[in-house]
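Every chain is named by a letter (A, B, C and D) in the order it is written, and numbering of its residues begins at 1.
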Amino acid sequence: MSMELTTRTLVRVRFSDVDSMGVVWHGHYIRYFEDGREDFGNRHNINYLDFHSRGYLIPVVKIDCNYRRPLIYGDTAVVETRFVDTEAAKIRYDYTIFNERTNEVVATGSSTQVFLNLNHELLLAFPPFFLEWKKKNGFMTGLT
Amino acid sequence: MSMELTTRTLVRVRFSDVDSMGVVWHGHYIRYFEDGREDFGNRHNINYLDFHSRGYLIPVVKIDCNYRRPLIYGDTAVVETRFVDTEAAKIRYDYTIFNERTNEVVATGSSTQVFLNLNHELLLAFPPFFLEWKKKNGFMTGLT
Amino acid sequence: MSMELTTRTLVRVRFSDVDSMGVVWHGHYIRYFEDGREDFGNRHNINYLDFHSRGYLIPVVKIDCNYRRPLIYGDTAVVETRFVDTEAAKIRYDYTIFNERTNEVVATGSSTQVFLNLNHELLLAFPPFFLEWKKKNGFMTGLT
Amino acid sequence: MSMELTTRTLVRVRFSDVDSMGVVWHGHYIRYFEDGREDFGNRHNINYLDFHSRGYLIPVVKIDCNYRRPLIYGDTAVVETRFVDTEAAKIRYDYTIFNERTNEVVATGSSTQVFLNLNHELLLAFPPFFLEWKKKNGFMTGLT
């Protein structure tokens, strides 16, 4: 069985996002990814605060982004955020950013987060509440 | 007696600071002011951490900026930060930003900070160590 | 007769907007003001591109902000943007930012923009299309 | 023969770079990479403006970053930028960011840029002046 959990988030390009070449500066896509990730977390009850209130921090440890087409001022980005099931105790999301106007893919990328306790120690196993969340949503990888 | 305490801080304009009009986006000057203020604080032992370690927070409560000339990519800003003595329990700095290349004034502005304790309660009197600092540096306004 | 033209714009606080004190860093409010100003411009047909397509640039020459209460992660800011009629050839907006959750005022401020032609020369009179816009919307200051 | 061309660039962590977890927000490392890349370009005469004045744009098409340790307020990052020779018509840099205080590696990553002409068309061959630069610096990959 193949599971997919995906959200689509609209992000308006700000005037201050655009560089002197007239296109969104590449570093801002990391923020658009975060907009998508936060929206996913809010809708599916696994946002930053859901983890923090249970005693976990979830820092990003890896990010990558491939740029295909530019976004310009006036555009709206559609960030598609997809939860990717992993064996290891991590949270992985894949992102596809579309131009709402043209429907073309403008960028793809991914992020990986790990679990720390509030003493900033790395956890090698999934937090119990997150295992519950995975099961409830049909993700079984890494569960025994 | 007229006292002045001033620092000069170099800030290189980043590619990502420049907007689609080819000039530094106006909001980034607030960051340049902070660069100047932090540099002042580091050199004169009243930076953010000096306050924090003694139990005080110093949030900004007022900011203003007047823009005279643009800065472009490749420019270096010279932020002149001047401590302004006040009667009330506040920290006020005035800023003048110059273009290092032309020596022209590109912007002026000011910031005002107040003192909170770690419970985020506003303090109506200067913290004792800061009164000491003022005396030591010849600023007597608000001292009895 | 007293005229008012006001828009209300929602701005979600991003994780990356919040500083180590747990509140929105003061410089980001300049961006929230711009979000309000752009939204006003889009709804009332005087946005940046409306000016640019007619041969005008409208750089910000003055900004100020008073901070009353903090915004935290998870909050949504409501930016109320009000067009302020002026005699001189300028565009002035006043801003009030509310916390959507508590309805409290968190900040107030204003911005002033001037008109440049595409040679970056300052214009001392209102562009004709903007005078039309003012008349149409009932603002008569500075019109003869 | 193994060639290496590397620069080391100091980047001071700004107060506004630090998030509510007390560490530099992960997206800002993309800016630190750019600081390193620009410094490399300035010292070795292949910065953004060197390309632009000859009719080339060099947009970033790929970025990745691995986060190992946090940076905190008061830290200074040392960005080591290394030019990586490529066969294809691209510019690739590898980055290692150290904490100046501890000398520990805090992040690694890379960026890839392509060449566009001023009509924004992708070039499949290296610009002649950049081939000259490569030869002069002992990089022979992709040259015939």
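Keep this in mind: a contact is a pair of C-beta atoms (placed from the backbone, for glycine too) under 8 Å apart; a residue touches a chain by one contact, two chains touch by 3 or more.
Here the structure is a predicted model, which means the values were calculated and not measured.
When the partners of subunit B are compared with those of subunit D, the chains appearing in both lists are A, C.
The chain pair with more C-beta contacts between its two chains, of A-B and B-C, is B-C. Averaged Cα coordinates give subunit B a centre that lies 25 Å from the centre of subunit C. Taking the mean of the C-alpha atoms as each chain's centre, subunit A and subunit C sit 31 Å apart. Per-chain CA centroids place subunit A at a distance of 36 Å from subunit B. Among the residues of subunit C, those touching two or more other chains are numbered 15-16, 27, 31, 34, 73. Chain contact summary for the complex, subunit B toward subunit C: residues 21, 23, 26-27, 30-31, 34, 57, 59-68, 70. On the subunit D side of its complex with subunit C, the touching residues are 15-16, 18-20, 22, 25, 27, 73. For subunit A in complex with subunit C, the residues that touch the partner chain are 14-16, 31, 34-35, 38, 48-49, 73-74.
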